[in-house]
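Quick heads-up: structures coming right below.
Same chain, two partners: chain A is paired with chain B first, then with chain C.
== the complex of A and B ==
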């Protein structure tokens, strides 16, 4: 029994032991050790283990949880690889950085694997706590501290809302579990309390995934955070939150919340689109574009059927790969002067490093949804699933916002290919960065042109 | 009678929380927070969880708030405020503490163990420990990990020397 439980928890244990022991690894090797631990955890995910009482363990060891854990671990490894040269130029303390990235991955894994509201809360708190520090990690950068504070205060508010919501749900239903046939209580008074609780929980989730009325922290935090951390924040934390929303929370519980979710989606698409239009800072533009993408993701939650869920997971994959890569590319262009965040600083990149200019173009085009890239395929399956579920007005809104999005994605691309006399930066990317960027580019191109294997993989792990 | 006590205690909790949020002097804010936490402890006692009530007082109203006070007094030098000698300034906290004292006394006299609304849920320390470490054992472990990494993060953000200067020395 105890061995079964330990075996089921093995990837979590590897992440935890790795994140503690990396603190004792010398400065130069720490990030590589972090990559090693993350890959080890990703590998041991698929070690066969007996099904254990997951309600006792609070985390599931099912295929969906394991699939998510693999993806988060790979994301953590990518973040460590992308930070290697970044930390040298910005003089980071790498053991602490690697430890916090691994702990963040642990939190995201617990979150995506949660079978009860307790582990949902704890996973979210673990992840957010690591992000509080990671965002403000660069202590020489005053905007980093500002960004950390701007993530901390809404984060506290979201945690309070989540805890209050969970308490109300527990008061109404008498259970924390998310498994099996849980449904809202029928009695009138308790029903209202449960609805109130779930509304608060959804508000907290909207805070964490920066859905529209709760998105105000996003641009400032992305701008101030180190670029690899911003990539992890944009892809991993939002991915983990949506993995919970799509897979762990039963649809019977969300059903009465549909109008709220539809309003959040519509507001996110509109607010994100119009705020992204005038941006001249790549990170701020990506922040607003992530608000729009999270609005699309809500469509997948709204559909409420299996095809919609799989479309949502595919969309999350295509969005996550492109976002991590775009922030990673920014990290690979960073020198001791800082990140070239403004479009003006990126001008003429195509002349100096044509490969990276081409890759950045590829990532931005995928985010915009140009065919034959993954972003297009993701939008296609997602919007058609939403159309099947009858959300015509939301799909029209989504099509409108993705049409407008071409403008703000192409603006920096045009600047890349414009000749510029000033060569402000000419940084050579190192091997790790090239591996991550190349892998993301391969995923984006293959998932766009030959999506069959990806859909089969998603169908195999989807709950 | 328990219902009346519940409303009185809930009102005290809310009132002292609002006062805690609006005070300019951090020491006053902490003292109002102590009131809120104490009233909450009495609410737990009323609901049939005496162990939780005791811990609430020992840990939150006691240890953590004392820590808060220490930190506030270490960080900023207290300014002697002449107006604090006036009696009217002492009235609100005195009224709050007095009513809390009366409520606590009433609770002891009433002994909600005998008359609790949900008497089957009277929680003994043994039940509490079993629930905590059998059912939520993993949650306790995760919380301890969160605290560990909070310490790691605080260490990184709070230390004086720069990592590069450390490399230069070695």
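== the complex of A and C ==
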């Protein structure tokens, strides 16, 4: 019994023990040790284990939780690989950095595997606590601390809202388990309390996944955080929140939540699109565009059922790969002067480093949804699933915003291929960065041209 | 249960709103952190009240857990406050506006 439980928790334990023991590894090897621990956890996810009573453990060990854990662990490994340059040029304390990344991955895994509101809260807090430090990690960067503060205050507010929402749902239903909670209690007073609780939980989730009107922290945090951390924040933390929302909390079953979700989706698409148009900083542009992408993800949550779940997970995969790769490419261009964030600094990159300019173009075009890349396939499947579920006006809005998005994604691309007079020598990419960027490019191209295996995989792990 | 659940919820709701107003209206970082603590204590009160109403101990356990999480959060936040005070010599949140666009 106890061995079964330990075996079911093995990937979580590997991440936890790894995050503690990496602190004792020498500076030069710490990031590689972090990569090793993350890959080990991802590998041990698929070690066969007996099904354990999930209410005993608060985390499920089903295929969906395991699939999510694998993806988060790979993202954590990619973050460690991309940060190698920062250890050299920005004097990062690499053992602490690797420990925090592993702890963050642990939080995301608990979040995606949660079967109870308690583990949901714990997972979200573990992830956020690690991010508070990671965002402010670069002490040479004058905007780093400010970005940390801008994540800290909304994060605090969101965790208080989440905790109060959970307490209200518990007061109304008397249980923390997620399965028992979706059916609302009878009795008018308890009904109102439960609705209020779920609304507060939804507000907290909107804060964490930066849905408009709770998105105001996003651009500042992305701009000030180190690029690999911003990539993990944009893909992993939002992905984990949406994995919970898609698989464990069927909020659409609660009828009064539907107009609220639809309003969040519509506002995110509009606000993100119009705020992204005038940006001249790549990280800020990616931040506002991520608000738009999260609006599309809410569309998948609204669609619900199997179709919405599969379309949402595929979209999350294509968005995550392109986002991590775009931030990773910025990280690979970093030297001791900092990251080339402005479009002006990226001008003429095609002349200095043609393959990196081509890759950045690929990632941005995939985010914009150009065929035959993964972003197009994801949007196609997602929008048609939402259309089948009857959300016509939201799909029209989504099509409009993705049409406009071509403008702000193509603006930096045009600058990349413009000849520039500046003779700035761009730094050479190292091995880890090549591996991450290459894998992401392969995923984006394959998932766009030949999505069958990806959908079969998602259908196999879907709960 | 001697105190009805409704009274507990009203009191904790008032406490929560008081904390929320503190977070939204105060500009001093320390006062904002105190506001968040008030909000989390309102959550603890709700949990303990609901736990007594449903006669199961889960709510009280979660309240204990919440204290630990709140302590961890405040530790990180105070470290950041000290760091900001040293590097910018202010903890007024309106002064942190270096990034625009």
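Observations on the structure shown:
Simple rule for what comes next: the second predicted complex is superposed on the first by the 453 of 463 C-alpha atoms of A that agree within 3 Å, B and C clash if a C-alpha of one lies under 4 Å from a C-alpha of the other, contacts with A are read in each partner's own complex, and residues count from 1 in each chain.
What we mean here is this: contacts are C-beta pairs under 8 Å (C-beta built on N, C-alpha and C of every residue); 3 or more make two chains touch, one makes a residue touch a chain.
None of the values given here were measured: they were computed from a predicted structure.
Set side by side, chain B and chain C differ in how many residues of chain A they touch, and the one touching more is C.
In the superposed pair of complexes, A:406 makes contact with neither chain B nor chain C.
When the shared chain is aligned, chain B and chain C each come close enough to touch A:118. Applying the stated contact rule after C-alpha superposition, one finds that A:163 touches chain C and leaves chain B untouched. Once chain A of one complex is fitted onto chain A of the other, the partner contacts of A:280 are limited to chain C, with no touch recorded for chain B.
Legend: residue contacts after superposition of the two complexes on their common chain; A:146 is shown touching chain C, with no touch to chain B.
Of the two partner chains, chain B is the only one that A:59 touches; chain C does not reach it. Of the two partner chains placed around the shared chain by superposition, chain B and chain C are both touched by A:136.
In the superposed model, A:32 lies in contact with neither chain B nor chain C.
When the two structures are aligned on the shared chain, A:262 is found in touch with neither chain B nor chain C. Chain A residues 118, 122, 125, 129, 132-133, 136 lie at the interface with chain B in one structure and with chain C in the other. Interface of chain A with chain C (complex): residues 118, 121-122, 125, 129, 132-133, 136, 142-143, 145-150, 152-153, 156-157, 159-160, 163-164, 166-168, 170-171, 174-176, 189, 193, 219-220, 223-224, 279-281, 284. Contact residues of chain C toward chain A in the complex are 5-6, 9, 12, 16, 19-20, 23, 29, 32-33, 36, 39-40, 42-43, 46-47, 49-50, 53-54, 56, 58-59, 62, 65-66, 69, 72-73, 76-77, 80, 83-84, 87-88, 93, 96, 98-99, 101. Residues of chain B that touch chain A in their complex: 135-136, 138-139, 142-143, 145-146, 148-150, 152-153, 155-157, 162-164, 167.
Taken together, the chain A residues at the contact with chain B in this complex read 9, 16, 19-20, 23, 27, 56-59, 91-93, 96, 99-100, 103, 106, 110, 118-119, 122-123, 125-126, 129-130, 132-133, 136-137, 139.
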